[in-house]
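Working notes, beginning with the structure itself.
As written, the chain order gives the labels A, B, C and D, with residue 1 at the start of each chain.
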């Protein structure tokens, strides 16, 4: 087949569809607390003895209901891991280079993926202490934390 | 949660990924013929002699690569039609289409068998459309190598009910 | 079909199906069905050896959604498979779970099908099944009036329209008995003449109420090896057989096509293999994937290998009702409830509930020994699943 | 278990950056034509192929029910076709189950992907993340790999220089693989000077965008004996999911791979992979994954990846003589391609890259962000 390339060509097209996603009661509780009170909520699974973030209705390991197991986490924490993003994609929250880090917030056992900014990416390090910088215009999104910056 | 009146967050967006679709040699030949020569080309299975519209790489029935191209149409007979009243999103833009519109399956002159060409009919009045009506492909002046180089099919006024071969 | 060992259905869970589930996200909705299936089987997550997951990505536009959904389906630390075949997905998941248990690789498999159609655009999503160079601008999801046109041509407009609407009314009567059903209208016989004329058309004679719903919902089922099933469940429904028949990429064959439908082809094969010579009498209940009342009406003839107008008469005489000759869709069917990735699984789940005598208000009157379920998807693809009250007798045979 | 199943034939298109001249149907048919030619099989109802397991992805294909595009090309008209929407190694595992279940005695697997079709592969994998908590941050599989790479390199003392050598070796091996569009040979210096993508992953340390199709015939013992004189037996399979949220996971811990490997090894009767497996094909779309998955597969000790690389581990254990994922494999076909390569080695049909005395091989596949789902397949001759 590959000897008949002369008839082949390429057509520009698109895959585009409208979507509406629902955060659900549990996710919405987290997002509205972030938006309205600048509070970061975690959830404690008593059975597993862990405090989780991002929010979830159920502990995936023991299936305990976590929908009401809210605890307030600190708004600062420590960089547990990070990568400096140097490539450009339309889905990026800001222009490269920028830092996506896993940030272990005070009071949480699982780190949260978020953006670290306000610092030269090359000086970000594991163990760096950071604090949340909230967006001025908050809309009920995880990006209501605009980014984390060195504490 | 006993918080009955809790606000529920919703995120609305159009998700879109630009694509470049390959025609391959078989569909490519077909689309180029529409663009350059205003010709509708079917291809045929060398074993069962079935016509494919649009042309296909492989005959589904014989599991064999399809071969020769044959010019068919541009006139034919309506085998089935759908008058669509429901406005669904255009997959290229995510925006709503204009309704109503009519899609037809046309058995083109020269096709032996039951493989029809699927396209638009320039008529949405149900009293004016019926199986067996003769129709003709209307080509766009500006052609790009797309199935929409055929603008639509027009009913041939006074056309007699054609016999499917 | 040859099988290495028997497989029983021992747990079934369905969310309530609805047009809107703003209260849960995708894994949370799935979890509801999983938790109910585990409860039904008297099991915990620890008892599950493998999770099978499926839906259609473009409905919610989540790539490899089984990754995110681990949070809800319980697959953390476990093996899992994701299979998708369009509308037939739910039935394919059943076939896959049967295969995985029968193979001996896993003793207990949890299968989960779901869709959150409210999160995307159903018709737009289906339209993208058409080739990007061919037909994507022509297709309108699964909406077509061609089935209606064919039935009308064969039996005349008046009788055909009445029969299709009667089919719809019977389905609604059944749905009213099913607490999980999404659309429950309370249609009555006397409304048929008005509905035939006045319900808004979508495409040709396919009208709004004829067409399946767009639902949010999930279905989970637990499949176990014969040993486990007998130990853990007093009344498993047993997998007898399944047949999957796909067909070519395009719909473009038209005009008194003599080609045998996938429905008739699959049924013929299934009945031959299982000694079914009189399906209307040997099969006790049928859960059909009826994407519209027109298709549902037309396919009764195909699935039961009938001729002439027998299928129309079955509807007209209510032989498909709860206490009829062959009850069809005691659940209310797909026209009532349609979370697409779960829909074909719900057919099997509902058939299994009938076999187990556990369907509650929509349990059919007669004893159910043999139940049939169908899936529909792709370009008129069919999956048929046959369930039995008694485990099949295994014999060495070539597939 | 009394039944057995074997790989009886392998076929693949050339894997290349941009198959602009072919539709997926054309790619698939190329594979199917080769498989039926080499086995003499057809699609008849009695002794033919009655079940096809396809591997493809609706988002990569920009097509709902991506397998419906393939029905004609894979011979599935009026037959059974089921699509595994995961890494292709899962399709091998599933096809094994189909044969062991007794339902079918011959299964054809055909996978395809055109990564070049969409604007970017990252835009596709971005959509694997949940819409509220991980998409807005900008995550995609490359970014997730960047996070995992840092965690792993810290833990196992793997240096960028060592990863550069992994890339040099991959390209050297790939040059002997006629099924791959060639990538230019590189020096370690050039790898380390290639543009940074997701620190510490540089461009040459990540698999290039690749198009291709690949397939296998898997059959019961009885049929396998008829179809080939070199059956490759599938003697072990295992797979395992990790958690979804990256923060819930020990990214450097190899939890799911260890578990997947344990099941596959147990089934195949392997107690010590380092001594009992003759050859390994693992899915390493990123260079750090070669030593990391080697640890997970038990080829070296936990945390010993750096030392393993320094001691020439990849050559000693005969890992990725094909060039591996880094040499260019569509991501969802990674594991299927590794299985196919291992099968070729066991059949003695690996050409210039053929290793001697290969009796048992392990093949590995990954799906999801930072290897969330891991698959291991054991093959023997």
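Assume a contact is a pair of C-beta atoms (placed from the backbone, for glycine too) under 8 Å apart; a residue touches a chain by one contact, two chains touch by 3 or more.
It should be emphasised that the depicted structure is a prediction, and the values quoted were computed from it without experimental measurement.
Separation of subunit A from subunit D in touch steps, taking the shortest path, is 1. Each of B-D and C-D has its own count of C-beta contacts, and the greater count is at C-D. Greatest centre-to-centre distance from subunit C is found for A, with centres as Cα means.
If you average the CA atoms of subunit A and of subunit C, the two centres end up 37 Å from each other.
If each chain is reduced to the centroid of its CA atoms, subunit C and subunit D end up 33 Å from each other. Put simply, the C-alpha centre of subunit A and that of subunit B have 44 angstrom between them.
Annotation for subunit C: residues 22-23, 25, 58, 61, 70-71, 76-77, 121, 124-125, 127-128, 131-133, 247-249 touch two or more other chains. Residues of subunit B in contact with two or more other chains: 8-11, 15, 17-27, 31, 56-57, 60-61, 65, 89, 91-92, 94, 146. Shared contact sites, meaning residues of subunit D that touch two or more other chains, fall at 20-22, 25-26, 29, 59, 62, 71-72, 77, 118, 123-124, 126-127, 130-132, 243-245. The touch graph of these protein chains is complete, with an edge between every pair of chains.
Residue ranges on subunit A touching subunit D, taken from their complex, read 1-2, 5, 8, 10, 13, 15, 19, 21, 23, 27, 31, 52-55, 60, 80-87, 89-94, 98, 100, 102, 104, 110-115, 121, 126, 141-143.
The part of subunit D that touches subunit C in the complex is made up of residues 1, 3, 25, 50-51, 57-59, 62-65, 67-72, 76-86, 90, 93-94, 96-105, 124-130, 132, 237-245, 255-256, 259-260, 263, 367-369, 372-373. Those residues of subunit B lying in contact with subunit C across their complex are 8, 10, 15, 19, 21, 23, 27, 31, 53-54, 56, 60-61, 79-86, 88-92, 94, 103, 105, 107, 114-120, 126, 131, 146-148, 164.
Within the complex formed with subunit B, the residues of subunit A that make contact are 1, 4-29, 31-32, 67-68, 140-141. Those residues of subunit C that touch subunit B in the complex are listed here as 22-23, 61, 121, 123-124, 127-128, 131-138, 140-141, 143-146, 149, 153, 200-204, 247-257.
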